[in-house]
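In the part that follows, the structures are each spelled out as structure tokens.
One chain, chain A, appears in both complexes that follow, with chain B as partner in the first and chain C in the second.
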Partner chain A sequence: MEYLASTILLIGIFVILAASYNLIIGYGGLNTVAHPIFFALGAYTSGLLGAATGLPAVVCVLAGVAVAMAASFVLAITTLRISGDYLLIASLGFQLGLLQLVNNVEFTGGPAGLSSIPDTFAGPGRGAIYVVICTAAAALVVWAIWRTMNGPFGRAVRAMRDDELACAALGRSLIGMKIRIFALGCGAAGLAGGIYAYYFQYISPEQFQVAQSAEILTMVVLGGIGTTLGPIVGALVLVVLPQAINFLHLPNGLVGPAQGIIFTALVILFLFLRPGGLVGTAGAGAAH
Partner chain B sequence: MSERQSNNGSAFGRRKALALPFAALAARSGRAVAQAKEPFRFGCLMPTTGLEAGYGLDFVKTFEMATKDINDHGGVNGHPLEMVVLDTQAKPELAIPAAQKLIDVDKVPLIVTAWSSVVKALGPVMNRGRTLQLNMGANSPDIANLGDFTYSTFPLADVDVTALANYCHTKMGKRRAAVLYINNDTGIGGAKLFRDTFTKAGGEIVAFEAYDPKATDFTGLLLKVRVANPDMVHMHSLAELPQVIAQMRQLGMTQQITSYSVGYNPKILAQLGAAAEGLIVTSLAPTSTANPNVVKLLDLWKQVGRAPNGLPYLQYAWDTTLVTAQVYGWLDQQNMPLTGENCRKALLAIKTFDLPMTGKLAVTDDHKVQKPVYLYVVKNQQFTLLETIA
Partner chain C sequence: MIEPAILLQILWTGIAMSSYFVLLTVAFALTLKVEKLWNFAQAGLMGVAFFAMFYAMNALALPTWAGIAIGLGATIAAAVALEVWAIGVLRARNSGGLTFFIFTLVFSQFAAYALTILFGTEPETIYPSVMSPVRILGGVAVSDWDLLAVATTLALMAALWAFLRFTRDGQFMIAVSDNAKLAEIYGISAKRAYVISGVIAAIFLTAGIFLYGTRAGVTPDVPLVLVLTAVIGALLGGIGRIFAAGVAAVSLGLLQSFSILFIPSKWQALLLYGVLFGALILFPRGLPAWRIWRLRRRLGPATPPAAPEPLTEAGE
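And then the complex of A and B:
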């Protein structure tokens, strides 16, 4: 069933995005809103490469990951000397500038979007194949982040988040850590973009607006910032909830407003009752 | 040319023409009101929340009115017609899962849609799900190339923009045009069409400028246009059209302004007042003066208690419901199951639809729709018919 498959796939994609964003903002304490552009870079690189060369999807998606990681170096290197609000503003400029570029060059399709992405798996089993691939990719990303954050590097990253000066005084290279966190997190976002592009076969700049950062951040905060399971729970709740409201058989004019009201009320309620997130504790993670 | 003449003299029999398709369907069933038989359902994907909800909700309301009218006249061979509506916010990422729910859970064989980015995003979904998509309001020229399961009941931009550009050059004698457009799918497609047609006709494009969809100040852009000294300015805008026109007039620029069907909206006249005088816009559907059937739709909207947004689009919404009913009726007569593939077969078999609100619709292999283009000019704060281009 394609609908079920696409819902699970969206959960998987948002688990990757939320987990990788959690790595950067939750564990690393690096305030950035540029995550959607790395998602876009993965999607556009994969889609364009697939459409132009006919290379296998795996190769194109990996190329998307590589481009997203390369772009993350640009952001990391240009923002090494800044943090906090300044990093936030710099990442906003990076997101808006690159998206304008995607929006204004011919070969990406501009605002009209890219619709010539090849269909890799035709036939009735297509949805199931993508679900398996996406679930495996999401599990791999979550495992990789968990593994990274539960070793010496992870402890150093948390130390950097809590006090940069103290961490540097211990002989840790903050620059190297920031570059690695950005590379891992943004590369994962590129992976999500590649899967998204191949599954939906249509991408446009409006799907990667800066507002998407708020959506992913809500998933992270709702689930539990700075935790392994938090982004998974957050993505699950925020993808499934609007879909579930569609099944309430409300009158036509009420479905949209009801989605907004129920969704917002639940998010506020969750955050009020569990400020540390659904799986987090009040004091867990980065207290941003 | 008067509006009635523009309709090629074919006086639509008010009410009669409107009721004809339903009466035929109802006669076969021998029932006055459809109730007992299994309902025939179709999907409707519109923005009922978000920035475009003003139009989207009115489209949905009109679909509901048309569906009720069909059911009041006996339904589709006695089967009540039912609509399942889901919100898209005019965003592709929301439209895709919504379409998949309609296909897989609600099992609808046909979905009506609008907004170019949504229609384009749904192209591959419809092809894979073998479900028919009827676009009733999006006009990106790319929509004609989305595959076997996407057809339009609404003309794409190449119909009215081409006619307008040719008219400006040949009839109005304009030789130097500036084009201002919103930097999105609708704006770029329409602006390029205007530029190419106007240039091909022998005119010169002296300025071709895009602005950001979120822009509110157009002064710099307009000053650039003023320096280029055009005879006319074509604006391929959306909701910000009144702002651009107002700022242009405030800068003392008196050039002729043209726009496309989005400019044919009484709200723009109310917002602009005297600044709207002389504005030329297109419309792809006849008015109530030219087509008395439209009066019925307006009467129904009077019961709602307010003027509808984008009346010509609503006329297409009404007629698209009729197309859906006729497609389902044809399949029912042939004892064929209601599937997306069969709906496509029915659409191609019926081929020509006589529709009460927008006239004849011919389904063609190139997935394009040809309709007369109505050019209106604003005179004394009213849209006055300038020319009908068949």
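And then the complex of A and C:
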């Protein structure tokens, strides 16, 4: 039962991550690979605050969201002069640098990780409670993104993605839009981090490597980049499918790489055979 | 006060250790210049090169020359296959930068996972020992590995310079890097230029990872870290400036070597990433002093400064 709860919770967390990443990269056209670090900031802030102060979990998770949004502001402000490939590489430096910082300072637990995160819900119903919370959070994030992207702001964001110059000529503030997209997307990643930290009660820098960016990107591409349903389908498929590996009774050392091969082979296949993803239109994946 | 002999030793060791950074950076900068491609798949190619050589020399007990030949052959074959069946296909579809980024990064990860299944996660070296004979020259310890690394790097850099300057294919590569469509109008095959740049990059990658693998342990994850250093070097040198990227790689190597005097080793990686982030934010097209020097050289002293000319994408 706990295994099932963990799997559903992971689906929920990856739906949040994939949907928010899709907002930034798919709708906004802002090529970044720093999403895992905002996930990490949410997780570490919630975990550290919970462990040190004993504040209610909701407050700690919201603090994690705030820190992730503040960090996204730093990335957005410092990279306003650059876009496209340059933004991608700058975000790579941002991700790697901050993670190195988390890895090296003592109060985060360093490479050994943070394990003193308090247990909010004890008892046999713990998994079910977290599943409900996480599913509600995922639904809220997906609904918020759908709502935002189907309003005037969303149309402006898509216009900015398709032609920055034309969008600016129409009087839209590109800087303001970029900052808001980053804040919304990265704040959602921070929310996922907070839930993750409280459920698993253990976090370490290894869980937030840049490779995770490719994992989330895989979900977005496989589902359909720039669509509302795509990240949900992508997260569902790519969390559930590798679980099948667990039932093959492979040696422990092979499970991770075998799951990785499934992930990467799928994304390569989809890039070439169905670039629009499972629910996207043909060619949407190659839009940028 | 630090003794001059110690500073000299750090300087020499820094230069020797930066040799593989130079080779890997030049490989990255070459494909970035000719193909306009941030080719993270080079990490996967490095993995193929290293483990092919490792397997040939250790499991098959072949001599060094045969191991290198097998590694080189496998890497060139993989590079050409990538260009023809993957990158070329995406290019023909007019795919955007994000698609290329996803593909090249994911390819490298695929290679790393496959190599992990085949070879495990234990660090491996080409030879059983990473030690090499040392001699003292003017108070500085110089190892055989240092000499091999510096000589290999200089020889390959000179060969690349001669190839680009004196051969038709080299000049065609420069033309394609300047303007691929215009070059094709003049009868130059851009596809051929892309394949040749891929082959040259494969040679540099094989040499670079051979030097690295004779000095330190390699796991399937290591090439992705190495390619990031190459990205930093290519950016600092300026997009389209292959040899400047090589100089930037030496500078980064020296920065890391001398930083041990001031900061603990665990912060050295942060220093590199900080340089990457800072360089992109402050000088997204390379260091400005070099751009001014290039501008002056192009325009000459008597030319009016009005002509706005692209500074970055032109031939080296």
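A few remarks follow.
The working rule: the second predicted complex is superposed on the first by the 257 of 288 C-alpha atoms of A that agree within 3 Å, B and C clash if a C-alpha of one lies under 4 Å from a C-alpha of the other, contacts with A are read in each partner's own complex, and residues count from 1 in each chain.
Heads up, the rule we're going with is that contacts are C-beta pairs under 8 Å (C-beta built on N, C-alpha and C of every residue); 3 or more make two chains touch, one makes a residue touch a chain.
Here the structure is a predicted model, which means the values were calculated and not measured.
By the document's definition of touching, of the two partners only chain B reaches A:L4; chain C does not.
Of the two partner chains placed by superposition, only chain B is touched by A:G113; chain C is not.
Once the two complexes are overlaid on the shared chain, A:L248 sits clear of chain B and of chain C alike.
By the document's definition of touching, of the two partners only chain C reaches A:T264; chain B does not. Set against each other, chain B and chain C differ in how many residues of chain A they touch, and the higher count belongs to C.
Touch criterion met: A:L101 reaches chain C, while chain B stays clear of it.
Contact with chain B, but none with chain C, is seen for A:Y202 once the two complexes are overlaid on the shared chain.
The intersection of chain A residues touching chain B with those touching chain C, taken from the two complexes, comprises 104, 253, 256-257, 260.
If you check the complex, the residues on chain A that touch chain C are 25, 31, 78-79, 81-82, 84-86, 88-90, 92-94, 96-97, 100-101, 104, 211, 214, 217-218, 221, 253-254, 256-258, 260-261, 263-265, 267-268, 271-272, 275, 285-288.
Taken in their complex, chain B has these residues touching chain A: 48-49, 53, 57, 60, 64, 83, 85-87, 89, 91-93, 96-98, 100-101, 103-105, 116-117, 120-121, 123-125, 128-129, 140, 142, 146, 183-185, 187-189.
The part of chain A that touches chain B in the complex is made up of residues 1-4, 6-7, 10, 103-104, 110-113, 115, 119, 126, 200-202, 204, 206-207, 243, 246-247, 252-253, 255-257, 259-260.
Against chain A, the residues of chain C that register as touching in their complex are 38, 86, 89-90, 93-99, 101-103, 105-107, 109-110, 112-114, 116-117, 120-121, 228, 231-232, 235, 266-267, 269-270, 273-274, 276-277, 280-281, 284.
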